[in-house]
Structure formats: structure tokens, C-alpha cells
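Below are structures written as C-alpha cells.
One chain, chain A, appears in both complexes that follow, with chain B as partner in the first and chain C in the second.
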Partner chain A sequence: METFAFYLFSILIIGLFTVTVLSRNILYAMTSLAAGMVLISGLFFLLGADFLGVVQLIVYVGAVMALYAFGMMFFDATGVVKENNTPATTVFLLGGLSAVVLVVIFAAPAIGGNVHALYPTPDGATNPQAVGLVLFTKYLIPFEVAAVMLLVAMIAGIILAGKKMDKSLSRMKDESPASEKDVK
Partner chain B sequence: MIGLSHYLILAALLFSIGLVGVIRRKNLLMLFFATEIMLNAANVAFAAISSYYHDLSGQMFAFFIIAVAASEVAVGLGLLILLYKKYGTLDLDNFTMLKG
Partner chain C sequence: MDGYIIATVIKAVLVLSIIAALAGFGTYLERKVLAFMQRRLGPMHVGPYGLLQLAADGIKLFTKEDFIPSGANRLIFMIAPMITAATAFIALAAVPLLPEFTLFGVTVKPIISDLDIGILFVLGMMAAGLYGPLLAGMAQDNKWGLLGAARTAAVFLSYEVVTGLSILAPIMIVGSLSLIDFNNYQAGGMGDWLIWKQPLAFVLFLIAGFAETNRTPFDLIENESEIIAGYATEYSGMRWGMFFIGEYANMITIGFLASLVFLGGFNDWGFLPGGLAILLKVSFFFFFMLWVRASWPHIRPDQLMWLCWKVLMPLAVINVTITGFVMMV
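Up next is the complex of A and B:
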């Protein structure tokens, strides 16, 4: 059963992400990316990382993709993206080669076998309990730093996107770009 | 039976898909999508290693990757909106104003 679920999820994820990367339509790319994120959370549930799967669903599918969907309203998203793509064969060759090199570099310690559990999973605790135990003891300072980083990102997003929000985009195209400099 | 290497190979495949997208696409929004794919591939590898070595550090790093991705999207999308307001396009070939 686990084998079947793994292969089903992985084939679907690879197919959907390939559509995301190769599609010429932004809306198709965004919806297939969102579907792939949902299926990746399925992989997390399969691995026993329940809390990570729920966070993936809430943050990625709920927040990040919704943010993309809202951002899409500013762009001309319905049409076909006109791009001047680099030749496909060199791209696939370069991408594949560098990915293999990266994977070999990062997998080398794991293959060597000298990997020890730094914070072993506590016995008799469900996954969210264990995550809470480790996150709020060993990883408390990174957690707080991540909180501050999210706050900074929120303020930056509001300030960046909120500038001149009261003017419509189509009217702004008539202005010359030089007049933008005296906004701030 | 599904082993650790299955998950690592899947993560490598997803990462290379994202890398191909980053190299190939010229639209900035598509570049963001490809970056998300690469971050998710790293998350899959982290969760798999954390599960097979019974170590929670991998899941912790996956959480922090998700936090970094969320803030990256917030700031990046704001910048994209500013760029689109200023130039009316998101094509990378149009942003060559630093060329001498």
C-alpha cells in the first residue's frame, strides 16, 4: 500500500511540476504548482511527518498560492507568455548535470553511513508532540528569528505592493517612467 | 518496500525539474514558480532523511525552509508588482538597464 501510494504521488508530482515548468500559460502553471504542493504534503503524511504535512498544506497551498493568485490580478495573466527561451537541449543537459552533481555532493555523507540522530524521536510521542518538544527546546532561537523574519517580510510586502495602490495600472502606463522617481 | 533512496531520487528529480525551469524560463513569475519547486524538493529530502534516521532535525529545517519561502514570496511578489507597474512587463530580457 505504501509502495503504491509513493509511486502514485511521485508520478503525479513529477508530471504536474513538469507542466509548471514547461507551460506557456501562467494560470496553468499556477494551478498545477498548487496541485503538486498538495500531493507533496501527501508524501509528508506517508513519511510520518504529520505536522509538516499540515504546515505544507496551510502555508504553501493556503497562503503562498493564494498570494500568487492575488498577485496575478496585477499582471496580465490570461494570455500566453511570450518568451525568448534558450535552446532546450543545452538547458536540460546543464540542469540535469548540475542537479546530479549537487545530489552526489549532499548525499555523500549519508552514503558513508556516519549519520547519527542528533535529536532522536521521543518514544511514545505523536509527531506533533515530538515536533513541539524539539522546536521549543533545541530550536527556540531559530524559531524566534524566523518569526522576526516573517514580520519584516510582511511589512516589506505591504510597503512594496501598497505603493500607489489607489491608481489604476492601465492609466499609469500613459505616464513616462521618469515621473516615477519623485514618489519617495 | 520504499527505502530512503527512493525518496532521495524523487527529490533529485524534482530539484532538476526546478533547475531546468530556472535556467529555461524568462518570465520572472515563472522563475518564482521554479524556485518553489526547488524548495519543495529540498523539503522532501529533509523529511525523508528525518523519517529514516528517526531524527527530528530534518523536519525542523523543513519548517524553516517553509518560513523562508513564505517571506521570499511576500517580498518578491511586492517587488514584481513594482516592476510591472514601472515597466509593464515581467520579461527578464527587458531588464538589461545595467548593461553599459
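Up next is the complex of A and C:
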């Protein structure tokens, strides 16, 4: 049952992300990206990591929604986006890289035999508790650094977007030269 | 194992059919309640007191032509309503609907899947439900639809933070993400209800819930008076009906969440047995949403964003901080 679910999810995820890369319609690309992100949380649920699965779901639902907002601003959603032809060297390099990745993927079971959990879940701890324990003991400093980084990014975002934030956009006077001429 | 699967399937079918029927009945209730509040009679002509209006609407929805505009993206246009309806019911899977009861000697747990992160799952699924209006608006090649989709993204990015932060303080007090633990925490009668400890979180959660279910003060994604019907402009027949069922199912889910987290859930309430108590609370929240719709006007998108980001979110953060200090001391 689990094997079947794993292969179902994997095939769907890879298929959807392929659509994301290959499709020239912005709506298909973003929808398949969102669906793939949601399905990845299915893999977490299969592994028993319910908490991480739900976090994946919530975070990426919001993130891809913001991406949609940009897609709406820059592209015609129902049309086809015209793409440049990619140069041959890029294709060659990316092709080679994918071949290497494929080899690693197929070699993974051989390496995977030696993998064991560095911080196994304590007995009796529920899923969020186990994540919290590791996060606030072993990985406290990376966690705090990430928090500070997000704070910096938030303040930077506010400053970048905050010019003239105290004025109402609809009441702001048109500052283009044409209107000045009209006044005179 | 087989018994478990069969029981789950039966529960899923029951929840799906009952909630879908209730969602349909909810439209009738909404029209009646709104009518009485505005000193009208509401639907009166079909059946006694207009009760069969429901059947008439159902026949109309099922038999209407399924129309897809020529410029639309057909696949996405067809998928979008299903996303709304499906996620609304998937969210209900992790909600304990009634207390445990015994039927023919078998103990029944009226919850389809008892996750230990239930509340996050429900909120995440309801958030994913907003992809329905978003995709519908973008796929239909209609400017009103596109405006609806843009407003969907704005609403989503505004209320989502408030929902998460407002629910965080009760989670800290209870120390669990399971909705059943929330219910058991408040087992000691009315004095134990979390609303007394977290009144601010309750109000914030309810306001965010109105935005989440697209109810009237914040129903700007399909605001008839401004943008025709927003994301649903080009929809007709059963595809439009699916949006409707999804919205009403979400209203019921928010009612259950608010009752479970803040109002003592399905514990016995005085002389009322638990099952009846939670149904009364959910009905009250449903009525409350109609009441607000009759009383308040729409607000503009920028007003909603101002409210969520500049008022509600700071309040929620302060609430979480104070709760943390009180718990530490």
C-alpha cells in the first residue's frame, strides 16, 4: 500500500514539475507547480512526518499564491508566452548535469543502506515535539540566524515599499510635467 | 484493517452527503434570515414557506447548460470549482464533529482521520481552497474574473497571517495541535472555555474566518456591486454550484473550529449533551455570519489589507507575546 502510494505520488510530482518546466502557458506552469508542491507534502505524510507535511502545505500554498500575483501582473494568463531559443552550450551543460543527477539517483539505494538517523525521535514524543526538540537544541543557532535574516528581509521590504506610504495614492497629485503645464 | 477502511469510507460518504445537503439547506436559511432582518418574507411561493425552493434551485443548477467561454483555458476552467469543493471537504476530514458514541455495540469516533496536527491541517486545506477562485478568475479570460482573482490573492495574503497568529496563543496554552486535545482541555464546564482566557484571539480568529470563507464584510472577491460576480462571472450550472457548496462547507468548518477551540467543543454543556451542544454552537456561528451580512456593508480591498496588516496582525503578535510571558512566569 505504501509502496503504491509512494510511486503514485512520485510519478505525479515529476510529471507535474515537467509540465511546469516545459509548458509555455503561464497558467499551466504555475498551477502544476502549486499542485506538485501540495503533492510533496503527501510524501512527508507517508514517512510519518505529519508536521513537516502540513508545514510544506501551508508555506507553499502561500508562496505560490504570491507567485500567481506576479504572473497576473506580467503575463496574459490565457495566452502563450514567447520564449527565446536557448543557446546550445546551455542545453549541453544542463543535459550533462541531468545525466549525472540520474546516475546519482540510481546509485542512491547502494549509498542509502548506510544512512541512519543522527537524532532519532525520542520515545513518546509527538511529531511537533520531536521537531521542536531538535530545532531548539542542536540547531538553535541556524534557527536564530534564519529568524534574524527574515527580520532583516522584512524591514528591507517595508523600506523599499514604504515610500509615500503615509499619503493616499488616489489623492496624490499627478507629478508628471504635462500637468504642471496645465496648471500654468 | 479492513474494518477500519470500511468504517472510514462510510464516515467519509456520510460527512460528504450530510454537509453537502446542509450547504444546500444553508442557502434557503440565508435567504429567510436575511429577509426577516430586512422585513421581507423571502422565498414563499414554492412549497410551504418556500421550503421547496431548495429543490427548485437544485433542479435549475443540475439542468443548466455547462457553458465554457471560447477564450478560456478549458482545463483550468473546469478544474477550479472542484478545487474549492474538494478542499472544503478534505478539511472536514480532520475535524471531530461529535463526541464518541456507541452504535450497535461498536464505539464510533465521528472523525475521519484523527491527526495529531489536526488544526494546522484544517487551516492549510482551507487556505488551499482559495486556489479555486484564483484559478477560476485567471482562466476565464474575463476582466471581472481577473479582478476577482487579483483580489483573491490580496485577501489570501492578508488574512492568512492573522489566522495563524491568532490561533497560536490557544495552541501555546493547550500545548497540542490536535483538535481532540483542545476539546479535552475545556472539559471542566463553561469556566474552562478558552474564550475567557483568550478573548482577543477569539475575535481575531472570527474576523479572519470571515475573510477566509468570503463572507460579507470581506466578500470582495465576488462583490456583485463592483465586479459583477468576480471569479464566478463566467460560471453557470453545477460548476457554479460547486463554488457555492465549497463556500458553505467552509462556513460550517469555521463554525466547528471556533466552537472546538474557543467554546468548549463537544463537552456536555450544563444539562445539554455534548453532541447537541456543539451543533447549537455551530448553528449559532452560521447564524452569526448571516446576521453580520445583514448588518454590515462591504468594505474595499485596501481597507481589508489595512485592517489585516496594520491592526489585526500587531494585535495578534502582542497577544502571543503576552500569553508567552504569562505562561513563563
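Assume the second predicted complex is superposed on the first by the 112 of 184 C-alpha atoms of A that agree within 3 Å, B and C clash if a C-alpha of one lies under 4 Å from a C-alpha of the other, contacts with A are read in each partner's own complex, and residues count from 1 in each chain.
Criterion: a contact is a pair of C-beta atoms (placed from the backbone, for glycine too) under 8 Å apart; a residue touches a chain by one contact, two chains touch by 3 or more.
Not measured: the values here are computed from a predicted model.
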Contacts of A:131 with chain B and chain C, given as first, second, both or neither: first
Contacts of A:68 with chain B and chain C, given as first, second, both or neither: both
Which superposed partner A:157 touches (first chain B, second chain C, both, neither): first
Broader residue contact with chain A after superposition on the shared chain, chain B or chain C: B
Which of chain B and chain C A:25 touches, first, second, both or neither: second
Touched partner set for A:57, first chain B, second chain C, both or neither: second
Partner chain in contact with A:33 - chain B first, chain C second, else both or neither: first
Partner chain(s) touched by A:148 [first = chain B, second = chain C, both, neither]: neither
Intersection of chain A interface sets (partners chain B, chain C): 51, 55, 68, 72
Footprint of chain C on chain A - complex, ascending: 25, 27-28, 31, 34, 38, 50-51, 54-55, 57-58, 61-62, 65-66, 68-69, 72, 77-78, 126-128
Contact footprint of chain B on chain A as seen in their complex: 2-3, 6, 10, 13-14, 17-18, 20-21, 26, 29-30, 33, 36-37, 40, 43-44, 47-49, 51-52, 55-56, 59-60, 63-64, 67-68, 71-72, 74-75, 81-86, 88, 91-92, 94-96, 98-100, 102-103, 106-107, 110, 115, 117-121, 130-131, 134-135, 138-139, 142, 146, 149-150, 152-154, 156-161, 163-164, 169, 172-173, 177, 180
Touching residues (chain side chain C, partner chain A) in the complex: 71-73, 75-76, 79, 115-117, 120-121, 123-125, 127-128, 130-131, 134-135, 138-139, 141, 146, 149-150, 153-154, 156-157, 160, 164, 176-177
Of all residues in chain B, those that touch chain A in their complex: 1-2, 4, 6-8, 10-21, 23-27, 29-30, 32-34, 36-37, 40, 43-45, 47-51, 53-57, 59-60, 62-64, 66-75, 77-82, 84-88, 90-91, 93
